[in-house]
Amino acid sequence: MTLNFALIGAGRIGKVHAQAVMTAIPEARIVSVADNDLPAAQSLAQTYGIPVFTHNHLEAIQQADVNAVIIASSTDTHAPFIIDAARAGRHIFCEKPIAAQLSTIDTALAAVDQAGVKLQIGFNRRFDPSFARIKQAIEGGEIGIPHLLHIISRDPGPPPVAYIRVSGGIFFDMTIHDFDMARFLFGDVEEIYAAGGVLVDPAIGEAGDIDTALITLKFANGAIGTIDNSRKAIYGYDQRVEVFGSRGSASNTNLYPDAVTISDGATVRRASLPLNFFLERYQESYRAELQAFVRAVVEDAPVPVTGQDGRVPVVMAMAAKQSYLHNRPVRLSEI
Amino acid sequence: MTLNFALIGAGRIGKVHAQAVMTAIPEARIVSVADNDLPAAQSLAQTYGIPVFTHNHLEAIQQADVNAVIIASSTDTHAPFIIDAARAGRHIFCEKPIAAQLSTIDTALAAVDQAGVKLQIGFNRRFDPSFARIKQAIEGGEIGIPHLLHIISRDPGPPPVAYIRVSGGIFFDMTIHDFDMARFLFGDVEEIYAAGGVLVDPAIGEAGDIDTALITLKFANGAIGTIDNSRKAIYGYDQRVEVFGSRGSASNTNLYPDAVTISDGATVRRASLPLNFFLERYQESYRAELQAFVRAVVEDAPVPVTGQDGRVPVVMAMAAKQSYLHNRPVRLSEI
Amino acid sequence: MTLNFALIGAGRIGKVHAQAVMTAIPEARIVSVADNDLPAAQSLAQTYGIPVFTHNHLEAIQQADVNAVIIASSTDTHAPFIIDAARAGRHIFCEKPIAAQLSTIDTALAAVDQAGVKLQIGFNRRFDPSFARIKQAIEGGEIGIPHLLHIISRDPGPPPVAYIRVSGGIFFDMTIHDFDMARFLFGDVEEIYAAGGVLVDPAIGEAGDIDTALITLKFANGAIGTIDNSRKAIYGYDQRVEVFGSRGSASNTNLYPDAVTISDGATVRRASLPLNFFLERYQESYRAELQAFVRAVVEDAPVPVTGQDGRVPVVMAMAAKQSYLHNRPVRLSEI
Amino acid sequence: MTLNFALIGAGRIGKVHAQAVMTAIPEARIVSVADNDLPAAQSLAQTYGIPVFTHNHLEAIQQADVNAVIIASSTDTHAPFIIDAARAGRHIFCEKPIAAQLSTIDTALAAVDQAGVKLQIGFNRRFDPSFARIKQAIEGGEIGIPHLLHIISRDPGPPPVAYIRVSGGIFFDMTIHDFDMARFLFGDVEEIYAAGGVLVDPAIGEAGDIDTALITLKFANGAIGTIDNSRKAIYGYDQRVEVFGSRGSASNTNLYPDAVTISDGATVRRASLPLNFFLERYQESYRAELQAFVRAVVEDAPVPVTGQDGRVPVVMAMAAKQSYLHNRPVRLSEI
């Protein structure tokens, strides 16, 4: 069986998914692409020989040979497009977050359930080789019973303040990935305490957000953990995890464009800074998440990141925001 | 000038200080040693050719040629011995903590003030070459304005439960060092939130303590930080710090008995585990803190770790305990 | 301009090149593929939608729209196919080595010269990001004047003895890459001394070859260096270089499938062994060398690895073999 | 039993040994010290409370309570002082090399044999924790059968040319340590090929020496190895070994004054350069070699570095010099 995708969204992340499908997944291809910006859809169609391009997402979804849809359009369209795809009987791979409102998410998930199609959410970091190896260390008992978790997740620089203003805030825009990583590694969280501040750029504070956060997580299994977020690590994208348990620990380092060290009269140093941002750093994970989705559809197996996995981090972001605003621990059950 | 020390306490840490003075500080020596356990005092006296040994700490302090006292006896004696030494006009190097009660600490510090002698508290980790280098990186502007701090401080194994029962709890017994390290690196703390649990050994819980803690610190300068404590890291003593700021970060790795890596068909691995515990790990720091004290006395300069530096971590431990018990952030000003 | 390739050879390395062209070089494509084994050619043609497949290399080369040829067939065909492609006026990318005999190489290079086409030899390691970064460190003056070079190049396991018997020996089959790397980094070599032995498998010795070698190189610029070869590194493919000069040194580590370290009660270790062999280890370099070739053709610029660069390592292998057989240093001018 | 040492030589290395004995070996002490430069002997005597100081080495050796002698005087005195100490019935710890002439060495060793005293040669690097761990990896079978060895041994800067002129040349002055390390790790060497040049400073060439060397060693067990020497590594003292065998490899990194990494907008780097030279780098080994000697004497056990171990590296240096001068491999049996 070949899986035929409709791709909705021909922007940056849409292109990443198109390349993954067309060059790394022999058993899948993209047969239609839709984007409000028709020339963008057309350009992508030409690059990969995609037969149908359109500005109308429904047209792309409803092509007769389409089995599944990749939703890579703007966040506010995720939920309605999920519903459209589900109603058309297409399996769905959707970028995170599903929506900012829990009620919207729930409506979309209900449509998926009703249609009986598969839905996978694009938490790609789970498929990064290092984080997948850490997960495997936990599951394989290499660290014993989980006790402590640290996630360090710092961007190389903040997005434009105009974007921050509409982003929903750092917990929804940035920490959402780390909330998912925490659940991926240590399971469900019961309580969150968020500290933070405006240390990178006062304009971010004026836009109503913070740019630096330290979040304490209490897990259902008794373990505890922290997430460290900064909008600006001057040395580049900083993406590290450490898990610690009764029998050991596992942690990763950042990735570099080369494996070279230079020593001279002044310093002993890496020859290059870490990979600068997510498209380079997580390159392999974008391929792997779609490969996993295709496998789940082809083999009719459960998807590795469910709609529920897409919903819970939104709840966690809400709890973190409450915690920060009121400076007290907030239980997820309060949300 | 040669500085003549009286050493009070001939136990484990007393021996460490004796060796430091007698082998690494040419301008100082120990001229009297006191211990309740007279044979212990006698044995140490013989090893280093110390002329006077006694079970009576006052006798050791009051020897005519004594300029300064090292207090390395049990914690409950620190404050009274400080007072005795101050009244005798001796400069004082005292192990931490000064006392468990703030009022007791304050009485001792008042006696020191009145006598006009110098008092240095034994927060040796400040003198570890790696932590000193990180401090230098901060002070030298290498990381810019401080934003985030992480201290990981895990013991290789818990002390006997009998000890834990009288230790005052993990915040007073173990985190106290990390509270000092936090202040050393980022300055004063205003608010503390402590999460924790009994994950290592239920007997520790039965003794009324916890064995795992994650503490959030809010600094006066706006930075935020965490302390991670575990009573048991199976791979050995884990002592790491990461500081992050507007212009960069600095962090240290653990220390190992050799610098060897072995690769075989199964793994690429360090040839040895990290240095197992504090006497090996912090060996250099014990020498360096006494060298600094001797220098301060000889040059009549300020000591690098003051009585106040000994008092504040006790306040922080009190705040952490309150925070843990009530599951809310606690300001130091509440204590 | 789009560059249209004929691909000769649909085996392992042919597939690597096909994937590189079809997925990573938008300005190039493969329009014909030839292989003695017609089903292999057909299968590759189907995977990438290549319109022409054939068992006849001339047919593939002579397709009207073909601009350039990739020669990835067996070594003995390299020289005749270079001649055929040159006569057809096609630019040529050819796997190493050109041939085992210098006279054969010279005939092929003469045909290329006469035809005025470009010829690039597939010394892919030059395009590895780490080795390219080391080259850049040398050229940028980061290490000053070159003094010393070390190349460690160990395979994860020996090829079948049947292959070794016809391979021309370790210097031609394995060290050839390292001879090129030495020239790439430090320039021309004047004299070679080769020590070696049969330490991995006596059957290799019975086949008339050695499996372990240490080669000393004296460079024209006065620098000296070594190449370390073993047919079997039990921990995996070991590919490292260290360059040392008047102002510093540069070196690389091996590459790993993840960036994870695991610590437990027994060891602190990498979570995985190094990438096992050349297809994984040098993945990026295969893309990059073809990108460079396409750029050279499209921009009519010099190719980065010339026919002469293909010839000299064969001379070096001959000198090394002489040196090993007679246990004396051999000058390249003797060959 | 307490071992009473006479120390001959109160210069740099004599002081290192004095400190080791007086502060780290409770069962030994120095009871007399001799130096041509009487004030130097007096000063050392005062520092450590050594009762006898003299300009006459015989007087120091012949003190009635002396059991053993440390010879740390200039190289030309080693052999005659060994003979004097042996005739006085003292056990002997002697700095390397014993002498520059084999006949002189043999006379001294004969005197030792005749007197039936113990003689240990000061090849301290064997006692470095990292090299000792590598040796243990070999002996414990962690790397299997030895195949390949690399020793990198580069000084931070050359000695004065006046010294080089009388030093006997790089192979005798510098490589001698590495020849011993090679034997320590892989056993006896049968043949040596030495390449080298004047790359650091032309003045060294004018003084009749070279400053850069690459030496190939063929071991009796079939393994092969290299030694890399440079008189000047701009980043500091570079002391590394890699051993490779049928079941794995072991290697060490350089040592640093701290374990800190700093990341900023320009580089990710070690916070400090490697330990600069041998007194810092090999500090622990100086203590350990004397501890081993004292143990051998007290327990009447074999010494770990024998007179023969002192002789063979001189033969190796001679072979290396012949090899370099005639540009051909030289067997040790030729010397």
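As written, the chain order gives the labels A, B, C and D, with residue 1 at the start of each chain.
The working rule: a contact is a pair of C-beta atoms (placed from the backbone, for glycine too) under 8 Å apart; a residue touches a chain by one contact, two chains touch by 3 or more.
The structure presented is a predicted model; accordingly, all values stated were derived computationally and were not measured.
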{"item": "Both-way neighbours, i.e. chains that touch chain D and touch chain B", "value": "A, C"}
{"item": "Of C-D and A-D, pair with higher C-beta contact tally", "value": "C-D"}
{"item": "Angle (degrees, nearest 5) of the CA superposition of chain B onto chain C", "value": "180"}
{"item": "Length of the line joining the C-alpha centres of chain A and chain D, rounded to whole Å", "value": "58"}
{"item": "Centre-to-centre distance between chain D and chain C (centres being mean Cα positions), rounded to whole Å", "value": "43"}
{"item": "Residues of chain A engaged with two or more neighbouring chains", "value": "234-235, 247-249, 263-265"}
{"item": "Contact graph of the chains (line, ring, star, complete, other)", "value": "complete"}
{"item": "Touch list for chain B against partner chain C, complex", "value": "234-235, 263-265, 267-270, 273-274"}
{"item": "List of chain D residues in touch with chain B within their complex", "value": "19, 22-24, 26, 47, 49, 129-130, 132-134, 137, 142-143, 247-255, 257-265, 271-272"}
{"item": "Complex interface listing, chain C residues touching chain D", "value": "144-145, 147-148, 150, 154, 193, 195-197, 199-200, 212, 214, 216, 218, 222-226, 228, 230, 232-235, 244, 246-249, 327-329"}
